[in-house]
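Two complexes are shown next, each including subunit A; its partner changes from subunit B in the first to subunit C in the second.
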Partner chain A sequence: MLMKLKTGVMLLDDMLRGGLETGATTLITSKPFTEATPLAYQVAYRWLDAGYPVIYLTNNKRPDIIMEDMKRYGWDLTKFKEENALVFVDAYTGFMGIKSEERYAVLNPYDLEEVDGALLKAVNDVGKNSLIIIDSLSTMLDHFGEIVVEKFEEWRKIAVLNDSHMLYIFVEWDFEEEVKRRLRDRVDNIISLSPIEKGVILSDFFTIEKVGGKSIKPVSIPFRYVKPGGMKIYIPKILITGPYHAGKTTVVHALSTRAVSVQRGETTVALDFGHFEHKGFQADLFGTIGQQRFDPILEQLGGETLGVILVVDSTDPSSFPRAIEMLHKARVYGLPLVVFANKQDLPGALPPEKVRELMKLPKDVPVIGTIATKKVNIIEGIEELLKLVFKGVSESDVDNP
Partner chain B sequence: MSTTREILRSLLMEFNRNSGALASALVTRDGILISSALPEDVDAEAFAAMTATMVGAAETAFSELKAGAAERVIVEGSRSKIVAVGAGENVILVAMAPKEATLGLILHEIRKVSDKIKKVLS
Partner chain C sequence: MTPAAGSDSLTNRSSNTIMSSEMIETGCRAIDERVGGFRRGTIILVLGPPMGGKRSICRNFIATGLRLGEGCIVSCTNTTAEQEHEEFKRILGSDADKFLNEGRLAYIDLFSSAIGLPLEERQHIKRIPSASDLTSYNVALRELLSSMRRKELKVRLLFDSVSTLLLYNPFQTVSRFLHILFGKLRAMNVTSLFLLDEEAHEKSVVATVMGMCNGVLRVKSEDGKRLIKYESETTRIDWITCD
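And then the complex of A and B:
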């Protein structure tokens, strides 16, 4: 029976059309220095947690090191290992001339047939619906050369016959383009992880290049790994701006797991900074000053913003022109924007639609009635913003013409 | 290519050793963390955002006063001091050192490492 299991990473599952399917093969390809293994750990955990077995073939670190590493990311899999739901095919310890304690040990890891034999035995023993992780394909290519591409074809059949999912970790160091192309042709899904330099900032991005055997238009999503927690989508800057006293600081604190503000009395004199975390997303929130005399700081803080929350006091329409002016000053006009029509609890608060009208906002800018002090509609509001920032991602599964 | 991150981090660690700084970070002028060699329990992103704001405010104060350009920001605290200096067009290098550390040495090391950083980032 075919089944699909989620990776647990937001957007990644959307782009994979629901997750990883049994009978299929996935390549996680990464550039050196962008780690792929934590994502594999995360998928392994998901699989085990759902009650299905995982086979982990390693040829570049010891199984106990992997177990420890997994624990650091928040997944203690000891119980699963004791129950033999998680088994290692140890094709690494043999390199040291030491005998591995794993049940599926490869005595001579330089012998591809022996590696293959141990893997097949494990696959037969643990049964159907397993996840088979090969960590890593790049090390295999180093040791055995191009013959691995043929093995690849055989293992693909195993995945199909056994209703398993094959997950390969592939670090793209100096391999020939031809070899890479042949590998890419032979897998159903390609998840690619790579650092992108934007000016002086380096961030890691994931991209889905292929799903269900078809190439798709790649969309890059910024991420980082956290311990514990694993892969999280990460936005380095969401700007929270708006006129004096509108409720920006209150919004930043209401959204943050941790936040700091530079305040003098009730007003912000430098900035609010907070860490936001919700449903697999992380973002750093930059709340600006509101008072005009601090505008130089506002002008300076806008750079690198990916999305904006504009907070206005719904009882004070005279401040609305200032709100729009602030978007221009911070040079964030035109970026994904959500307006918080705040202080809806106060008498005389204008309803969101009236705020939209007076601010002459385009139809596609969500205006949300909020009460920041009571956290009303705050999370819903930032969810709208995230949707805008990642707009087109879930629809990206349109095939390339 | 992708090793830039590792290089920057090792430059910062080397800087900490040579200058006696306890911590250092590279931050963009708009407050985003590029790289850091900070103690584990420091909130690196918050530190980055605050540093950029501090430098920006100092620069604005200077230009409002028509007092030339601000070259560095030095804050003396009760137990430590913070020194922030431009290291390239859009980059600030910030270091935190114990109160007793010699400012001259820190500034000298900052100049040295800034040159290297500029090369890595260009």
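And then the complex of A and C:
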């Protein structure tokens, strides 16, 4: 019987249309400066936690080091290993000329048939509905050459016959294009991981290139690995802007798990910085300064922004033109935008729809009535923004139906 | 949404631009006085027999960088980060600890896993699961380079040694790794020394690695004297005594 298990990563599961299916194969392909293994660990944990077995073939590090590494990401799998729900096919220790303690040990890892034999034995013993991780395909290619690509058909059959899922880890060293193309053709799903390296931001993004054997329009989602926690969707910069005294700092603090502000009295004189975590998402928040004399900083801050929250004081319509001006100054007009019509608890506060009308905001810009001091509608507001940032992600169009 | 930064192209964009002409002090008087040091951003292969003194020249190169306020990354495949740090303490005294705490000195330790030590993570010390897990090395390096770049530091790197990588991986794997790594280092203008024990490998292997570097520094000992020979795309020093 076919089943689908979630990876546990927000958006990734949506893009995979519910997760990874038994009887299918997935290639996680990563650029040389990005890791694929933590994602594989995460999927392994999910599989075990749901009560299904995992077979982990390693040819580049010892099984005990993998266990230790998994623990660092927050997944202690000792119990599963003791119960033989998690088994390793150790095709690494043999390289060192040491005897492996694993039941499925490859004595001579330089022999593809021996590697293949140990894997088959493990699959037969462990049985159906298992997740089979191959870490890594690139190392196999280095050791055995292109013949590995031919093995793909056999391994695919194993996945189908055993109602299992094959998960290949592949690092894109400069292999021949033809080899890469053949690998891509022979799998059902492709998840690709690449680094984002702009300015001083350190994060990665993932793209789903293929689902269920069909190519899809690639959409890129920024992420970061967190210890513990694993893969989290990560937005390097959300800009929180708005006129003087609209409540930006309060919004940054209300959203943040940790925040820093440089203030004089009640006015922010440098910038607010905060970090937001919610339902598998993480974002760094940058609050700007409302006073006009700081506009040059605003121009600087606009770059690399992925989404904007514009905070306005609903009791002060005279500040609305300044609010729109600030969007232009930060050069973020046209990016995903949510307007917080703040201070809804004060007398004379205009309702959100009236704020929209006076600011002449387009219909697709959400205007949310908020009370930042009481954290009212703040989370809901940023959820609206996230929806806009990741618009179209879960309904990825199929290119070749 | 589209990727904010658009893949690797940004990283590599500067890799084909003309190399900087800035010369940097190496800490080896023979090189500094004769040719003004190494050109910033070059990748130099350091060859020499065991006990020839090549490590001490390399460590001086790192110590000199630290004294000049630069960031330094030491990758060790034959010693643990702690053992390597002891060596730097002998050269730099208590400053070595200070540099480590400031994040100007960092280690990537590929040895602890090989001798079965727990891979305890410490600030500015990265441990790699095995000498075959080269992606982990890259990821650790990327993190360290990013954090140094955030501090606007110029960076030096020491990799000791390529020979160990060749012991644990097929040559093709190592050459692919070096190719990608060198591209990154050049793009980020990191002046780098890579050690290789020439006698332990076939000539063709040494020649291939040499062809990927910008310069070759040979070090040997004769009659208690240390001798060096340096050849790069732009300079050449024949065997001379090095203090």
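By our rule, the second predicted complex is superposed on the first by the 390 of 401 C-alpha atoms of A that agree within 3 Å, B and C clash if a C-alpha of one lies under 4 Å from a C-alpha of the other, contacts with A are read in each partner's own complex, and residues count from 1 in each chain.
Everything below uses one rule, namely that contacts are C-beta pairs under 8 Å (C-beta built on N, C-alpha and C of every residue); 3 or more make two chains touch, one makes a residue touch a chain.
None of these values were measured; they are calculated from a predicted model.
A.B. asks: Between subunit B and subunit C, positioned on subunit A by superposition, is the outcome a clash or a fit?
C.D. replies: They clash.
A.B. asks: With the two structures laid over each other on chain A, which partner does A:271 touch: subunit B (first), subunit C (second), both, or neither?
C.D. replies: first
A.B. asks: Once the shared chain is lined up, is A:304 touching subunit B (first), subunit C (second), both, or neither of them?
C.D. replies: Both: A:304 reaches subunit B and subunit C.
A.B. asks: Once the structures are superposed on A, label A:33 by its partner contacts, choosing first (subunit B), second (subunit C), both or neither.
C.D. replies: Both: A:33 reaches subunit B and subunit C.
A.B. asks: Output check: A:284 vs subunit B and subunit C. Expected answer is one of first, second, both, neither. What do you get?
C.D. replies: After superposing on A, A:284 lies in contact with subunit B but is clear of subunit C.
A.B. asks: In this superposed model, does subunit C or subunit B come into contact with more residues of subunit A?
C.D. replies: Answer, by number of touched residues of subunit A: C.
A.B. asks: Applying the document's definition of touch, where does A:171 land relative to subunit B and subunit C: first, second, both, or neither?
C.D. replies: Touch status of A:171: second partner only.
A.B. asks: Between subunit B (first) and subunit C (second), which, if any, makes contact with A:258: first, second, both or neither?
C.D. replies: In the superposed model, A:258 contacts subunit B only, not subunit C.
A.B. asks: Thinking only about the overlay and not a real complex, which stretch of subunit C clashes with subunit B: 25-33, 43-51, 61-69 or 169-177?
C.D. replies: 61-69
A.B. asks: Between subunit B and subunit C, which residues of subunit A are contacted by each of them?
C.D. replies: 31-34, 194-195, 197, 200-202, 236, 304
A.B. asks: Using the touch definition from the top, list the residues of subunit B that touch subunit A in their complex.
C.D. replies: So the residues of subunit B in touch with subunit A come to 1-6, 26, 28-34, 43, 45-46, 49-50, 52-54, 56-57, 60, 88, 90-91, 121.
A.B. asks: Across the complex, what residues on subunit A touch subunit B?
C.D. replies: 31-34, 194-195, 197, 199-202, 236-237, 258, 260, 262, 270-271, 273, 275, 284, 286, 296-297, 300-304
A.B. asks: With touch defined as at the start, can you tell me which subunit A residues reach subunit C in the complex?
C.D. replies: Residue positions touching the partner: 30-37, 59-62, 65-66, 68-69, 72, 92, 95-96, 139, 142-143, 171, 173-175, 194-198, 200-202, 205, 219-222, 236, 304, 306, 389-391, 393.
A.B. asks: Write out the stretch or stretches of subunit C touching subunit A in their complex.
C.D. replies: 1-5, 7-8, 10-11, 113, 118-119, 121, 129-130, 132-136, 138-139, 141-143, 146, 149-150, 168-170, 172-173, 176-177, 179-180, 184
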